[in-house]
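Going by the order they are written in, the chains are A, B, C and D; count residues from 1 in each one.
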Amino acid sequence: MSSSANEAAARASAVSEMGRTIPTDAEVPHSEGVRWGMVVDLDRCTGCQACVVACQAENNIALNEEQRVLERRAKTWIRIERYWEGEFPNAKARFIPVLCQHCGNAPCETVCPVWATYHNREGLNVQVYNRCIGTRFCANGCPYSVRYFNFWNPEWPEPMNNQLNPDVTVRTKGIIEKCTFCVQRINRAHVTAGTEGREIRPGEVQPACAQSCPTSALVFADLNNPESYPAQLAEAEADRSYTLLEHFGTDPGVIYLKKVDPHAEIHEDEHAHAGAHA
Amino acid sequence: MIAPEAAGLKLSLRPPYRPQALNISLNQAGIALLAALGLLGIVMYVVKLITAWGDRAEWAYPTVVLMFILSTATSAPLIAYASRMAKGYWALPLRRVAALYAAPSLLSFVLLIPIMASLPPLEGRSNLWFGFSAGAPFLTDALALSILLLTGMALLWFSAVPDLAGPPSRVRAMGRWQRLLYLNWTGTARQWKVLRAANLTLGAFYLMGYAFVHMLLSTDLGQSLLPGWRSGIFPVYSAVTGIQAGIAITLLTAALMRRFSPEAGRFLGDEQAAALGKILVAATLMWFYFFWSDFLLIWYARLPSEVAAMQVTVAITYILPFVLTAVLMFALPLGLLIFNKVRQSLSLIAGVSALIVVGILFDRIRFFVAPMANPSPFGHSMETLPAPYWPNALDILFMIGFIGLMFAVFVYAASRIPVLNGWEMRQGSMLRKERTFMKTHVLVIGKPD
Amino acid sequence: MQHLAALLPRVTLKQALIVGGATAPPLVGGAGVLVILLYLMAAGGTATPAPEQPIAFDHSVHAGDAAIPCEFCHRGVGTQAAATVPSVEQCMFCHSVVKTDSPQIQLLQAHWDTKTPVNWARVHRVPDHVRFVHAPHIQAGVACETCHGDVASMEEVKQVRSLAMGDCQGCHRENSASLDCATCHK
Amino acid sequence: MQEPVVADTKTSNRELLDFVFAWPAWFFAVGGALNGLLVAAFVVVILMLMFGLQFLGYSHPVYWGFLIVNFVFWIGVSHAGIMVSAILRLTQAEWRRPVTRAAEVLTIFSLLTAVQFPLIHSGRPWRTMYWTFPYDWNRGAWPNPRSPLVWDPSAIFTYLTSTILFVYVALLPDLALARDRAPNPVSRAIYGVLAMGFRGTTRQWRIQTVAGLLLSAIILPIFVSVHSIVSWDFAVTSVPGWHNTIFAPYFVIGAVHSGVSAVVTVMIVMRYAFGLKRFITRDHIDSLARLLIVVATVWLFFFLLDFFFGLYGTEPAEVDTWQRRLVEPPWVVIAITFIICAYIIPVPMWMFRAIRRNFFWMFVTTILVNVGMWLERYMVVVPALERKSGLTFTYGDYAPSLSEFILVAASFALVILGFLTFSKLLPIMPAADIKEGQILADRIRVGRANVPAAMRE
């Protein structure tokens, strides 16, 4: 198991190194104006799962009881994928937080028969719960597997129902849900900024995961705003930056910064192996 | 139903009707033109061999010619074999015309050798051989193609022997080797039985070999040289459009036969056009189906590496040949063939067929030039879109000459082997009768087991 | 022709019953599923009739005769999501002196005395999956009457506009407001 | 065909009527068992409507499974009818005649069954109006024409409509006969309305024939499009193992393979159950088997292309999917069973004339083909979802639940029940078509041989 997971991690990063210089038909709708996005610095991620819990609380995600996890029906809009590197005595855990990548070229959007998921002008991949009929085609099309299906109506025992966020709807059975970049917070900021007659300031909006990240591994901003910290970070760390599963050509809105491990023993053959697959 | 030419129903059985080799009424100029073209083809081939051995890009347009031959001359005999298996009596006078294309299809092997010699090593590029290295692709492809061509020649010869052999006394009088060449054909019941079984099984084998060779060559000379081009349907597209072109070239040839060969003209007529026309419509629709199945999936899934390859063959680099292909192989033929009048007249359908034969040449250009001229065939995706590689004067002369050579070889073969298969037509005349039923004339068709 | 007709069935009552019996379960079952589907489809809906209020508050007196501006009582409307219903204290601001002998005002007085809120019945409610914020609408200059009707002439307030999705969209379209799903759907 | 159906009218009347008039005990036993299955399925469906899809074996990465597999399977079987009727009619294959009606009816009922599955499989079936019907003038919210799931209903319902039309046109003369034969005024009235005043005039016959031929030609593109679109449900996505351009023709030819096999199975069952020994002969089965050899071989070629060109790009996720399909434990059994059942056993057997003309062996082999083809769809759909990308952390697996087995079994019950019911109400043998065949049958003397022949106008 560990070797295959390791291999997968190697592939995931190796694949990301493929340059994409071919022009595609990607007519990115958010090339002007706001594009909400996130920069994930894997060097800083400790795998603490604070983002997962914060997301759970913010977005009224149903309780992931043990049974749910065992039958793989647990819902985590952001999940920490853990891969092992190296063999047992020198094994190292590597973490990749995976959330909806808010792709500019989203495979989920084209396949929905009812337009329950679409791309909005701010680069969000929006899921309209009330429109969704639950064909789950989008979940199949998504290479990141970040779309989750509601197999039943969620229930919260007393008094946990009192902590539900009123700004987020409680999803009914039979629909798909996924990370929204905490669109309720973005909307609230829009209203605040609108009533004050100004634009949203950089750093004004934070999704729950980024807000709760103790090491600031997740930072959120308008990637099209060159003054925002994440945009500058992505620029400054360009040699470390990649997007997940780049060869799918999805143009994600989440940018990852590679982990640089000064103590890593680089196995030449392993790299050659991953390179052959890339 | 379009009635067959009357001559076909009333063949003399006693003495048995024996067809002639092409009694051609071409004038001197026509013969001279064909010979000149053939000579040009040979000269150009030699010139290419000397100047461009091992230079892959230089062999791009010869590859187009190779695939053109594979899609026309090699596929035309399928009409003979398939109609024999399906007991299609309408095809009786056409079978030899189609099968004769086995002779010019031998030219494809001549082209294959230098082209294969110019291919880069398999390592580092996608290919069908998955590390299986026993001579692949050179030996395997050459072996597969040569088996296919030999099968075609064997079928042509076997089915022609009863016509060539003449009366039993003539064969008995032959020398030993000549008799062997004529399969010792005296027309015994056992010989007929073996001939029939051989025709059917070899025909089925040829059909499968045709699909297989298309899979190998279209992959080894096309897909695997253009990184990012991963299309499972392409071998089938290649084979099916080849069949479309094969039907077209057979109809075209049939029309020319009727015009220039008095004997063949007695039997070839609108019945063949009507029956083959239906299949041509189906094949024309197939062109679109297979093109669309390919295009839609790549364009929809938007994997950058695949889209780039598609941009080369369809959307950007070779858009001109693509548009010509779509018009000549699909839009125009379909628009014309829906009219019964066009479909049921040999001369009109020959015009449509000419469009398709030209169209398939452009189709092969858009698919095989880019891979052959691609300087960096290694890896999983292309770094940049390649620039289009248009033919220079030498390439154009090569194409004209070699395709001319193909027709010259066909005419030569037709002048050696009868263009009509007399024995099958005699058989057909026994199984097809005109009768009156109520107040109309009907054709009664016997279907023996 | 006649002899071929003999190939065809003569349907007797018994046969009809048996065939009916064989087809009944699928038909009945299918119909059952259909009924459930129809029920589930009909179970939604936003329009409500005027609900009974704990105190017979008359908008026509306040907003109509007295011409008190809406924002005077519904103070949140210009700045936040909810327009807010005034607290008992705010009512008592006037009604500690105005019309104190009316039985309805005495009901109000009772709430004031016992320090309990009035449980006003909610009139306008959008579904749970819709996010509606009053402030931007007021800021854009939309009059209250546009959505709530002529409240100034209503003795008891009821919903006059469907306020279903198409209704909102029509207005948004006319005013070039956002038609992005995420604007309203949460 | 070597021997046309020749039966004197009295014998044929008696033998065809035997089943329509008699009510053998097995009919009630079979009908009862089938209905029992259906009731169980209704319970499952209602539970799913009320409590969500938790009863299915789906979990996080694998959101499609048995029900979609079954949908594809039945759409596949539905390709039999038109393949047999339309193509064989256009190619004037005389042996098609007794086979056509049964094949078309099989098409209708398998289509009707197939369309249930995406419906009950969706999370909120009561909202599927958004999906198939563009009605939302008010809100400007429409079905998404880019989604293959919107192409699907259009293609399937077009196919269903045209197939019903096709059957109906062919039924007209038979309905007219039924009207003339009807014993009581009620059924005479019903058949009379259905027969639309068909009296057998020359003009009516001509129109009926032309309509049949035109429908045959028009229905063929629809026939091809239906399963192509079903295949695109999978192939347009970038899911490794699904995204292969060969999918459309591969699915279509696979559909014909399983559909024609199903027709053979049905014909053999009908032959014994309905007492049609005189009308369904060894020749029919033989001809269908020869057709099947070709179809199966083309299908195998496309399957191998799918396999080769799946591995061709050596993309890691793609290779993982194929490894899952062909090597890893639960699937390796399925893979081996599938290829053995769908090709390795039946096709070499069909090579022998003795097998092709043996009802028992044809029954067994065609059942095997459909077992294999069901597993093939399972193998195509599920492992690809289990191994979806380079993110191995989300690799999952799928095990069907009892509910799914019940629903799949019930789909078979529904098709069989529909077929049985049809055969009780309307002639399952195309009487007029068979009669036409008998008129057109002729013989030609060649030397000493007497060769069966057919007339062509």
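Quick note on the criterion: a contact is a pair of C-beta atoms (placed from the backbone, for glycine too) under 8 Å apart; a residue touches a chain by one contact, two chains touch by 3 or more.
Every value quoted in this text rests on a predicted model; they were computed, and no experiment measured them.
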Chain at the geometric heart of the assembly (C-alpha centres): D
Gap in Å, rounded to a whole number, between the CA centres of subunit D and subunit B: 35
Mean-CA-position distance for subunit C and subunit B (Å): 72
Approximate Å spacing (C-alpha centroids) for the pair subunit A, subunit D: 43
Residues of subunit D touching at least two other chains: 125, 127, 141, 236-238, 314-315
Residue list for subunit C, restricted to those that touch at least two other chains: none
Multi-partner residues of subunit B (each touching 2 or more other chains): 300-303, 380
Touch-based graph of the chains, sorted into line, ring, star, complete or other: other
Subunit A - residues contacting subunit C, complex: 118, 120-121, 124, 126, 128-131, 167-170, 180, 183-184, 187, 191, 194-195
Sites on subunit D touched by subunit A in the complex: 51-54, 58-61, 63-64, 118, 121-125, 127-128, 130-131, 141-144, 146-150, 233, 236-239, 314-316, 385, 388-394, 396
Touch list for subunit A against partner subunit B, complex: 18-26, 105, 107, 110, 247-249, 278
Complex interface listing, subunit D residues touching subunit B: 1-2, 90, 94, 221, 224, 228, 232, 235-238, 243-249, 297, 301-302, 305-306, 308-315, 442-444, 446, 449, 451-457
Contact set on subunit C toward subunit D in their complex: 1-12, 15, 18-19, 21-23, 25-26, 29, 32-33, 36-38, 40-41, 165-166, 169, 179
